[in-house]
Structures are given as structure tokens and as C-alpha cells.
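Heads up, there are several structures right after this.
In the two assemblies presented below, subunit A is common to both, partnered first by subunit B and then by subunit C.
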Partner chain A sequence: MNKRSSKKKLKDAGQGYLFMSPTLFVLALFIIGPILYAIFLSFNKVQLLGETSFEFVAFENFARIMEDNRALIALKNTAKYVLIVVPCQTILALILAATLNAGLKGEKFFRIVYFLPTLTSSAVLTLIFMWMYNKEGLINNLLEMIGLPGYNFLGDPDIALNAIMLMNIWATAPFFMVIYLAALQDIPDSLYEAAELDGANALQKFFYVTVPFLRPVTSFVVIMGLIGTFQLFDQSYIFSGGSGGPNNSTLTVVLLIYQYAFKSLGTMGYAAALAFALAIIILIATLIQRKFSKEESLY
Partner chain B sequence: MKKKWLAGLGITTMLMGSLLAGCSGSDEANSEGSGGSEGEKVQITLAGWGGNPSEQKLLKQTIADFEEKFPNIDVKHEVISEQYMDVLKTRLIGGEGPDVFYLDALEAPALIETGVVEPLDEYVTDDFDVEDFEKPMLEAFKVDGKTYGFPKDYSTLALFYNKKMFEEAGVEVPKTWDELREVSKALTKDGVYGFGVAPELARLYHIARASGGDVVKDGKANFASPEIVEALKPIVDQHLEDKTSAQASEVGANWGGEMFGQQKAAMVIEGNWAIPFLEDTFPDVEYGTAELPAVNGEKGTMAYAVGYVMNAASEKKEASWKLISYLTGKEGMETWTSKGFALPTRKSVAEKLGYDKDPLRGALVAGAPYATVWQEGANLPIIMNNFNNQFIAAFLGDRPLDDALKEAQKQANSEIQ
Partner chain C sequence: MNSRKKSFGKSLLYVILVLYAVTTLVPFLWALSSSFKTLEEIISGTMNFIPKNFTLANYQQIFVEQDLFPRWLLNSLIIAVIGTLLNIIFNSMAGYALARLSFPGKKALFIIILAVLMIPAQVTMIPNYLILKELGWLNSYQGMIVPSMINATFIFMMRQFFINFPKELEEAAQLDGLSRLGIFFKIVLPLAKPALAAQAIFVFMGFWNDFMRPLIVMTDTEMYTLPLGLNTFKGQFVSYWNYIMAASMVFTLPVLLLYAFFNRFFIKGISFTGGK
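Now for the complex of A and B:
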């Protein structure tokens, strides 16, 4: 009896795996395989073009990151970008969601309008913004109209990254707004009623009921924001035409990885090492964020 | 129970089968037309970047002529419109490279070094007449005495000047850089800059070299040497002190030709590509071209060459060579360059088409004998990238020129290994 049932179990498991095999196959081929391959690459000096060669160099690629000035600049730019964009887009998303949830007239219309930037492809968005940022473009003309000096948004190293930040906050905040909006519907009215009875005003209700209740969602939004912003690539790529200029000011880590992987020959291994390092940085940032937000302790 | 087993197996095999079928389908398509024996129709691929529509039409015409002459060769023309080198390298790595492709002289040494480009010496016959090519352009595709490609066309740089603005300011076309700076002062007014400058190594290379410094030394960056800093100083000074020059983005344009067409600069330094652009987009601008102003009493300009090369992994080398030899041969080149979108690299074709007497292209052709070809070993792309990135900081006045170049040089050399 016992033997039979264990045989049956095995059979069941085998059948289960058989059913999963297409998925497992795809997973192994397109996700697990490439990850392992990237790790393998990061420990080798790789030449793919012409005569393919792999030369095991242990941690040389990682040591090179420390000496690479551009890698440090890229990391600094990316960190600055993350530190400014993540809080800004989270707060903006929360404010937008709160206003849309307040029961004002024309809510549905504004929901659609606010959400539109997220639906636009980021490449198209960047091109439109570059047009507006042009020295003779819309934004400079507006600034001039109200008597302020214009900027060379695209060509000035001090401003180029800020211009990308502004654009990205505007474009990604609505996406997180929708997430907040969904979470806001979940807050029971009874909590607000109780707060009202205790004599709380609208602002107090927001800070003492809404914000704490949304903490798990905020945690999610911040983590997604961190991952997204650390991986900034397309906007700065289009902005600088792939160079990360002017004066390395829009150089991000992913853009640097791209340059080493595809622009210069024989640095694929180094690029893989950079990518690996970036993954670790994102992991650490996420862990730190989780430690601070203490999401489990809330309820 | 057994039935379920079978059903599971069946579904899995079906899925796997369709996956595998999807893979094998493309293989079949690729193996078609290989071999290339007599009588059988051979298909070869030719990859290049796009150009303006009229240019594309000319290339189509040239290819059609070729196919008529060699009826058993079918040319598949592929246009890689963005990030040409990245796409090409990836395809070569994947073994899906085109048989024949464009290669910029700048990128040639690095790509040839890897061994993916076929040496062409043994294919060349006397009829092909190698001596007929302009020597500097041909040299650009030679490594260790072997020829890996033949230049299809080239362009040098010339000074484009706005005739009306020069008339109003009452100045002559400058013959030296000192004159250019003086003239710029007279031409700068009401939001118009005297000189539209491109602060990039590709455009400044001949100036950087003019006082005897080597931008690249033993394959490493050397542009922070005092001679080169000295030679480039006037470019920065003109922008910061005289305020009579500007780069395109400062006036809201994308490149020099556009800046010139919008009449925001009275002079720019551009190549042959700007002529059809100005004709199409800004037909009202009256302009002339002149040879570049001399630096330290010596004439200098840049030359940018593009060649046809063959994939070393190609299975249809005979047919590929036939295509290259036709496209860069006297007949094909004449068709290709007949409208002046590109300048012929063969002396005989240039003579026949008479571009040296063309009012606009004459100055470009005149520069060819003394031009510096934009190429310097395998590491120039890295060196260029770092130079451009930091030079702009000096150009905008954020930091002194020698500091910026020193840092860029250090960075470039750390990337070269």
C-alpha cells in the first residue's frame, strides 16, 4: 500500500513537471540561462567578434570598476537621479491620487488626463521634450515671456540631467498614482468617521489616517521606483545621442554598460561585471528601503 | 490515470514541436541560395545605412544595373537606419552578417583587427585598376599592406559662408584662422553668430595636429600635450572671449548645416552632405563654399571615407566580390556619384564628372590632396568619445582647456587596454 502510494506520488509529480516543462524550458532559456551566462561573462575577458575567446580573469573586471572614472561618474549621476526622482514622484503620485479621490467634479476626466503620460512611449516622450527643451523651444519661450533667462537644456552639463529628471517625474508619477488610487479605495470610511468624531481636520486625516494606511503601498511604489530609476537608460540615451554627454552629465550606469557592451570591442566581460554590480546595488537599496519602511509591523 | 499521462505528453510534444519548428523555419530560409555554383541564382545581402531618398534611388539604380549585368546574382539591399555599427557587430557575432557592407574609415581598423573582414587582394584583377583610387582614401582600408575594402565615396570639409551676410558686413572670405576670427567679429550681430563651430574631435582633428602634436601616440590618447592644447585654444577663446562663435545647440539647431540654413551663423564648416540638405530644406539661402582657412600657414581639412568590405564568413565570396568590384568600379561609381551626393574616390570618375569645377563642390574636391583622413588606429573611437565629452566642458567655460583634456586623456587611456 505504502509503496504503491509513493509510486503514485512520483507519477503525479512527473506529470506535473511534464505539464510545466514548456514553461520551465522557456524560463531556463530566456531568464535563468542568460543570468548565469552574464555571471560567467563578468569573470572573463571576452572577445565575441571574429575569433571568439574567453579568458578567465577572476575579479579583474570588478577591480576595474573601482579605477574607472566614468563608472564613478555614472554611479554618481544615477544616485543623484534616484535620490531626487523617487521621493518626488512618490509624493506627487500620492498628492495626485488624494485629490482624485476627494470626490471632486470631473474626477474621471482628470484621471484619464493624468494617466496619459504613462501611456506614451518613453522614446516619443523624450523626443517631444527635447523639442520643448530646445534653445528656441516652448519652455525657453515661456521663460522669456515672464522675463526669466532661458537655458540650453540639452547642451549645458549642469542642467541636462535635471531636465531628464523633470521629464521622468512627470511621466512616471501617474503610473504610481493609479496604484495609490486603488489603495485609497480600500481605506474604510469608518476610520475617517472616527477621526472626524475625534475632531481631526482634513489635513490631520490625511497625515494620520491616509498616509499610515498606505504604507505598504508606498513601500511597493518606492521599491518599483528605485528599480526603475536605477535602470535609467532610454531617456538619457536619446537625450545625448548615446554618448552620455555633455561632459558625462547624462551618463548613467546602464548607458555605460551599453557603451562597453556594444560600442567598444572586447569589453563585454567588463560590461557584464558592471551589470552585476548594478544588480547588487539595487538589491542593497531595496533591502535598506525595506528596513526603514517596516511594512509588516503595521497591522 | 494513464490517459492523463498520455494527454500531458501529447500537449508537451506539441508545444515543443511548435517551438522547434519555429527555430528551424528561419534556418531553412537562410540556407537558400547558398553554394553559388554556375547557373544557379545566388542571393547576396548588402547592408548599409540609409541616406536621403534621392541617394537611395541612385543606389537602387546602381544595384539594378549590376543585376542586369550579372543575371544570376540577386542583391538583397538591407538598410540599418540606426546605430549601424552596433547592429552590424551583433549580427556578425551571431553569424548573421551581411555578405557586403558599408564600413566607415573610422571604424575600419578595429573591425579589421578582429578578423571578420575578408582581405580582398587576391580577388583584385588588373581591370579593376586599383591605382585609380585617391591614395589616402584607399590607405584607410589597408592594414599591414593588405587591402580589406575599397572606398565608395568620401567627403572633405569646406567653409560654407552666407553671401548676403558677408556683403552686408563688407568682409572677405577668410583665408586663415586669424582672419576667420576677425571676420566673425564683424559678422556677429542680432542673434547671428559669425561662426558655427562643432566642438568635436572629428572636426578639429586637423587643427589639433597643425602645430605638430600627435593626437594619438602608440595607440593611446595624447591630446593633452601642450602643442595640441595650444592649437585648440583659439576655438575655445573665440567662443568664450570673442563670443562670436556658437555650437548648434546654443541656437536651437541640431547640427551645423541646420544652423547655417536657419541663418543663425554666417559661416560653418561642413562637408558634401550639407549641400543637398541646404538645397532641399533651405533653398533660399545664398551661400558659397571655400577651402578651409589655413592653420599656421598650412592648408588642412578632414576627409571622411566610407568603403565596401566583405564579410569573411560569407559563403558567397565570388558573388560578393563581383558586387564590390562593380560598385567601386568605374561604371558603378559613376552612377552612384553622378548626382553629387557623394564624391567619387576614383580619379578617372572625378575627372569625368567634373566636380572640381562645380561652384559648390570645387572647394571640397580641392581639399582632397592635403586632407587628413579621419582614422587613426583601432582606438580612435574611444579617444574621440572621451575628447568630445570633456572638450565641451572647456568650450562652455566650465573648466580650463588643459585640465579638461588631461582628464579626458587619462580616462581614454584607462579604457584602452
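Now for the complex of A and C:
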């Protein structure tokens, strides 16, 4: 009896590993292994010429971040981008979801339309916007029509990052809108009915019933937003042709990591150190957000 | 009084909805219309959405004259289709094992998979490049497919799905003498279709729209995927926005078709990745 059950256990274990084998393979070779490898790289100077060679430099790569002017610029650009885009896209997503959820006719049509940017690749969206942002492009023409001055969206260092922000708020808000929409279905009607009995108008219902009820979802949306925005790359790369220009104004941390890793010689170890710094910044940002939303929910 | 107020509120909501729909549609319509315009009309900087001289020459140009464009399209298709199929099978297998089978180290593995979700891709991207280089997999399809043939998010999703999956069917099949793998492929997977569809759409979009990984793995223009190709188009045809927009439209079409067919799974998938 005992023997049989241990045999069965063995068989179960074998099946378990058989089912897990593709996952274990990829985890080991392309995720866990590389993480350890990245730690090693970040403490070394890496030369890729011919044979790959390593030279142990201890914390030099990490110390270098503080002295690297471009790293500070990239960090500043990324921080500005995160601080503006995350709140804007979250609020826009919430407003769109609440409006769509009001039970109007044609809701389905609007939902399909709103969803288009989520389906489209970042490369295509960036190209479409570059075409519209062009000096004699659609947006400048529209501004001229209503008597406003035009901008050099692509070439002016003061404008370029803002142009990317605007585009990405427009592109990501619908994705989070869908998450809000799903959560809105869970709000019990009785809450709204009670608020109505207390004489609340539509706006009051939104601020005193909908918004507090959605707080956990908002927390999730903000964390997802933080993780996504800190990793801005595609748009900056395409916008600036990989340089981060004009005048480093669209240089983001990930673009800088890419440049140091693959576009200049001997800086791959430094790029790995930067990547770890970014991972830690993202982790800290999400922890701070968590703490915030927990304290808020105490009220 | 009250009903007048209500209808005012309703009109206000409609105004918001319509305005935002216009904001969403204009860039796409403008890109679509530009793809049918002649170069003169593009350069002249007019604002008409209906082309003055409707032309298909831009599409002809990218498909016929640019011999690399069809190749990029093919590369993108091969990588996205094979990558998606492998993901569906492997993520489901892993999710099933984590939900149903018992083996030593299961808990630890589950925690590792959850932890992997938190690690930004930039950390692994540099070592992965070196590993692919060592394997000789740079500029190859497997270099794009194999490292992404599983996905922690969807392993997690499939685990949740299989935990709630009725056991009785499997037990009946077991009595009929089917092996575990047989049960999984013949009985469990066919019943998991909605979950698989949601997964398929998101994995496909992930491969199809990816820009950074092919940028690192594919350095040979022959092996470019479409997003990289589009980016080189931009450098090559600096002010030929008619070509660039035509190529962008071709690139967007497959995902739109997928969306049209699988619309309902889409919302399900997002609300799942939304932590539900």
C-alpha cells in the first residue's frame, strides 16, 4: 500500500516536471540565468571586441552614474514624464470609463473606437504622430486655423518631450479605461440609490461613491502606469532616431541603457548597472505608491 | 425641471463621448487618407481628409519596389504566429501543472514566476543579448521566439483558470486509461478555448508590436520585423509620409482583424490582466 502510494507520488512528480519543462528551460536560460549574469556584468567592465572579456571593477559602474551628466538628464526627463503622464492617463481613463458606463446608447460603438490606440503598435502610433506634429503637419495647420502660433514639435527641445507625453496619454488611457469599466460593473446599485435618497447629484455620486469604491483599482492602474512609464523607450527612440535629441530632451533612462549597451564600446557593464538602478527606482516608486494608497484607505 | 436637468446631463455626456471619439479617430483617419495621397499633395500641407487624387501607388511602391517590405511582413508573421502557438501550449501546460499536479518545489516555482513579473525587461536584455550571441541565435527567428515562448502573466492566468476547472471530466478520462498528456491535450485544452483565445490575442499583439527586442536581436535588415522596418523607412524616405503611412496601415491591419473577430475575448483578457 505504502509502496504503491510512493510510486504514485513519483509518477505525479515526473508528470509535474514534464508539464513544467518548457517553462523551466526558459526560466533558467533566459530569465534567472540572465539576472545573475546581469549582476556579474554590473561589477565588470565588458569588452565585446572579438572575444568577450571582463575586468572586475567593483562598484565603479554604480559610482559612475552620479558623475554622468547624461544619466542625470535621462533620469530628470523620465521623472518628469512619469509625474505628468501617470496622473493624466489615470484621470482620463476614469472619466472615460464613468462616461461610457452611464448607460447611454451607442456605448459599444464608442468602446470599440476608444480601443483603437491600444491595438496599434507604438512604432505606428509614433510615426502617425510625427507626421501630424510635422512643421507643416495637421496639428500646426489646425492651430493656425484657430489663430494660435505653431510649434516645432519635433525639433524644439522644450517641446519634444511634451509631444511624446501627449501622444502616450492619448494612447494608454483607453487600456486603463477598460480595467475601470470592468470594475464599475461591480459597484452595487444600492450604493447609488442610497446616495440619491440623500439628494446627491450626478457629480456628487461620482466623487463620493464611484471614486472611493474604485480606489483599489486606481492603485493597480497607477502601479501599472508607473512600471510602464518608467520604461519609456520605443517612442523616444523613433522620435529622435535613437539619439534622444534634440539636445537630449527625449533621452530616457531605457534609451540611455540601450545606447550604452549596444551603441558604444566598453560600456555594457555600466549599462547593466544603470538597468539595476532603474529596477530599484521602479520598485521604490511602487512601494511608495502602495504606502500612500494604504494610508488613504484608513479614512 | 428634473427631467430637463437629466437630459442636459445626458447631452453633456454625449458631447464628451463624441469629442473623445473624434480625438481618437482623427490620427487614424489622417494616416489612412495620407496613405492614398500623392507626394505632391502630402508636401503641399493641405488639411483635406479625402485625397484629391486618390492613388494606390504608395501601396504598390512598398510591396513591389521595396523588396524588403514583404520580407519584413513575413518575418513578423512567422515570429508572431509560432511564438503565440508555443506560448498557448507551454503557458497552459505550466498553469495546469501549478493548479493540478503535485511535485516537489511547486510552491517555490510559483513564487519565482510571480517574482519574474516584477523584473523590468531592461535588466535581462543585456545578458540575453550575450547569451543569444554565444548560441549564434542573433539574427534568427529562434532568437526572438525561444526566450519569449513562455509568459509569466499568462502562466498565472492559466493557473487561476484551471483551479476552477471541474475535475470530474479528467477523472472519467483517467478511468478510460488516458495518460496525463492525453487528458490535457484531448480533454482539458479544448474546454479551455475562451481562456486560450484571450491569451492568444495578447501574446500575438506582444510579438507583433514589439520594438525593443527585435531592435537588439535583429541587426541584419533581411531579418527585421515590421516595426524595425517602419523605423528604417522613416530614415530612408524622410518626407515621403505617403509611403510611411501606407506601410503603417498594412502593419496595423492584422491586429484590427484579430480584434474584429475576437472582440469579446479582448475585454475578458484585459479585465483579467487587470488583476481580476
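Heads up, the rule we're going with is that the second predicted complex is superposed on the first by the 273 of 299 C-alpha atoms of A that agree within 3 Å, B and C clash if a C-alpha of one lies under 4 Å from a C-alpha of the other, contacts with A are read in each partner's own complex, and residues count from 1 in each chain.
The rule is short, and it goes like this: a contact is a pair of C-beta atoms (placed from the backbone, for glycine too) under 8 Å apart; a residue touches a chain by one contact, two chains touch by 3 or more.
Here the structure is a predicted model, which means the values were calculated and not measured.
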item	value
Subunit B versus subunit C as contact partner of A:233, first or second or both or neither	second
Greater residue coverage of subunit A in the superposed arrangement, subunit B or subunit C	C
Which of subunit B and subunit C A:96 touches, first, second, both or neither	second
First (subunit B), second (subunit C), both or neither touched by A:74	neither
First, second, both or neither for A:283, with subunit B first and subunit C second	second
Which superposed partner A:264 touches (first subunit B, second subunit C, both, neither)	first
Contacts of A:18 with subunit B and subunit C, given as first, second, both or neither	both
First, second, both or neither for A:120, with subunit B first and subunit C second	second
First, second, both or neither for A:134, with subunit B first and subunit C second	both
Residues of subunit A at both interfaces, subunit B in one complex, subunit C in the other	15, 18-19, 22, 52, 134, 136-137, 262
Touching residues (chain side subunit C, partner subunit A) in the complex	9-10, 13-14, 16-17, 20-21, 23-28, 30-31, 34, 45, 47, 86, 89-91, 93-94, 96-98, 101-104, 106, 109, 112-113, 116, 118-131, 133, 146-147, 149-150, 155, 180-181, 184, 205, 208-209, 211-212, 215-216, 226-227, 230-231, 234-235, 241, 244-245, 248, 251-252, 255-256, 259, 263, 266-267, 270-271, 274-276
Contacting residues of subunit B [partner subunit A, same complex]	1, 4-5, 8-9, 11-12, 15-16, 19, 83, 85-86, 89-90, 92-93, 110-111, 113-116, 247, 249-252, 378, 381-382, 385, 388-390, 392-393, 396, 398, 407, 410-411, 414-415
Touching residues (chain side subunit A, partner subunit C) in the complex	9, 12-20, 22-24, 26-27, 29-35, 37-38, 41, 52, 95-96, 99-100, 102, 104, 106, 110, 112-117, 119-125, 127-132, 134, 136-138, 141-142, 145, 170, 174-175, 178-179, 181-183, 202, 217, 220, 227, 230-231, 233-234, 237-238, 241, 254, 257-258, 261-262, 268, 271-272, 275-276, 278-279, 282-283
List of subunit A residues in touch with subunit B within their complex	11, 15, 18-19, 21-22, 25, 47-52, 67-70, 134-137, 152, 154-158, 242-248, 259, 262-265, 267
